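This structure is in structure tokens; I'll ask about it shortly.
Here the chain labels run A, B and C in written order, and each chain numbers its own residues starting at 1.
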Amino acid sequence: MQTPDRSLDQMRDTAPLVQNITNFVAMNVMANAMLAAGASPAMVHAREEAAEFAGLAIALTVNIGTLSPDWAGAMTDAAAAANDHGKPWVLDPVAVGATTYRQTVAAQLLALNPTVIRGNASEIIALAGKDASGKGVDAGDAVSVATDAAAVLARRTGGVVAVTGQTDLVTDGTRFAEVQNGHPLMPRVTALGCSLTGIVGAFVAGQDPFEATVAALAFYGLAGERAANGAKGPGSFQVAFLDALYTLDGHDLARGARIVLS
Amino acid sequence: MQTPDRSLDQMRDTAPLVQNITNFVAMNVMANAMLAAGASPAMVHAREEAAEFAGLAIALTVNIGTLSPDWAGAMTDAAAAANDHGKPWVLDPVAVGATTYRQTVAAQLLALNPTVIRGNASEIIALAGKDASGKGVDAGDAVSVATDAAAVLARRTGGVVAVTGQTDLVTDGTRFAEVQNGHPLMPRVTALGCSLTGIVGAFVAGQDPFEATVAALAFYGLAGERAANGAKGPGSFQVAFLDALYTLDGHDLARGARIVLS
Amino acid sequence: MQTPDRSLDQMRDTAPLVQNITNFVAMNVMANAMLAAGASPAMVHAREEAAEFAGLAIALTVNIGTLSPDWAGAMTDAAAAANDHGKPWVLDPVAVGATTYRQTVAAQLLALNPTVIRGNASEIIALAGKDASGKGVDAGDAVSVATDAAAVLARRTGGVVAVTGQTDLVTDGTRFAEVQNGHPLMPRVTALGCSLTGIVGAFVAGQDPFEATVAALAFYGLAGERAANGAKGPGSFQVAFLDALYTLDGHDLARGARIVLS
């Protein structure tokens, strides 16, 4: 398996143009996280141009955090276009279990076989069709509870599923990896999960989806650990986190990544 | 009257799920302020799901800062659902006097009797139907000028009205409280007023609306005072403000709250 | 020509109310940049009120970063209203060359003769109708390559065109100015270009568009230089940048502006 520092270096060397259809809460911090990490984000979501732009971008991410019928249409249009062009795309099923509308839209997107799905345990379980206890957009379940659901989803889509939480789980239905990097302040800043989806999108552009997703999660979690040094709360943490995404390099990642394959 | 530190502790103990239909400018910072303070914000505004979600949340806040017909519909749907479920909801009538459209939508929401209305003096006067000098979303009037308008609105809705500015005024039409906490840098950061509405929503979840609103305003203003220590401008102030919302505890609030009942 | 410090002082003395129809990514940081600099931003974009509000505001800015048919309609409504009221307005043609939809909307706005157009070299070339290499919203061309396109556009609209990049170019078709202030970290923070458009809008309110645009660019670039001192990455840079927009005064600008007229 390619080491995570190689994945990081490759992402930075290509600075991939990644199209993101994400929610209103996440847009700014997601773009900043991706820019800091070294990618080229583009927030293009209008139905009039989403599919056309998917042909230009190297990868696509889709997040259902703040939906509307027009946006849901743009999401399926863009995902279908990414598939047509052989481009990878990442699905973030935010709070999918909370309302009927989210379930409906998420099912339409799931049918388009995302290259990677990234969610918390509640979301992955809900998406797989089992019972889950979701309290809004927070994770109500431990990551380990979602192992079976993740594997089921990965086999159903032929893609990779990442369950993120205190420790993260990544599987393609056959291989399993646990990523232990991260910090408790991360969920105290809004949209850091959504922003991670953008980082995953940048890593999977032109790389093996399983390896690239593992690398993206380790990189992101390690940046969180570095940012927590000296942070006085979620405000200063968020600032230091963007700095860490910018300064953390391949050597840091090779030393700091805590990945367990199984 | 319950002391404000008790209100803060109760809010943090329950970490209430609060649904927010707010404007595009405020979404991110409002979610971050609520997370930092200890609440569980959910930004759910699509007409397809807003009312359904209002049944799940403990409280709702509605802000007319960036309107559209779909959003206005979601606002009235969600407010009506909150009323049906006996959940408190807070109205933030941003710049209500500025355009005809805002006046129309605000009147529809006012007819649904919000548990709390939070605005600046110009907005409260405009909402009460008197003349007000509003320059965009800034307050053109001193808070004291709006005392009568606030009392009229409170009696009309049977709820609480908070007028925020250099000093804040809270009334339920019978009781009046003045909250003197705050700092002049606060209005130099966009959406801190909108974010306060979310904090009020988190405090009133399961608490007496008058007491909880007073506590929320004192907590928020005191965090502003703490953040101003060492801030070099609105950028570093905003960072320190999120940290202060996170670190300020009941003891700090008991010592630092400046509340005058009348 | 009026010196840039005079333009800055005049902007701060009047704290102009500027209406901004901008993209979802930029809204918060743009409002914060304008507040920090001393202007009064109002983010009013609903078709139901955009034109009415343009009659209240002193200036208008329009940014096509995240389009939809309703918003495009509000943009042309508001720009036409600004023209009717004799108010200046600024166009920011984000990524205009990337999709057919953007080209169509930008052409409609261009026909309304913006007082100022601010874009990167790729955008200005695309808007002028020549070939341009745009990679998403980043500038693929050096500013100097766009000199002819800028002059052509300025003469066609009767307005001012500003091409921003490592060094900036401003022209009204006759006069040309180069602004050399700025810092390489600025494009690593999302929406700082969009926010600059708001600062230009604040400066041109009631001032000569060419002189005010030059002053706005020097002020903004100088704030970037000051913010880079001690910044550890794009996170701390963005915080220090808002502080610098707030603290930088006329004396600093008179000393630090690097403007070459030709």
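Here, contacts are C-beta pairs under 8 Å (C-beta built on N, C-alpha and C of every residue); 3 or more make two chains touch, one makes a residue touch a chain.
All of these numbers come straight from a predicted model, not from anything done at the bench.
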Query raised in the report: Looking at the contacts, which chains touch chain A and chain B alike?
Result: C
Query raised in the report: How many degrees of rotation carry the C-alpha atoms of chain B onto those of chain C, rounded to the nearest 5?
Result: 120
Report task. Averaging only over C-alpha atoms, locate the centres of chain A and chain C and give their separation in whole Å. Result -> 33
Query - Where chain B touches two or more other chains, by residue - result: 24, 28, 238-239
Query raised in the report: What residues of chain C sit close enough to touch chain B in their complex?
Result: 17, 24, 27-28, 31-32, 35-36, 40-49, 52-53, 56-57, 70, 238-247
**Report entry** Contacting residues of chain B [partner chain C, same complex]
**Finding:** 23-26, 28-29, 65-69, 95, 98-102, 135-138, 188-191, 232-236, 238-239
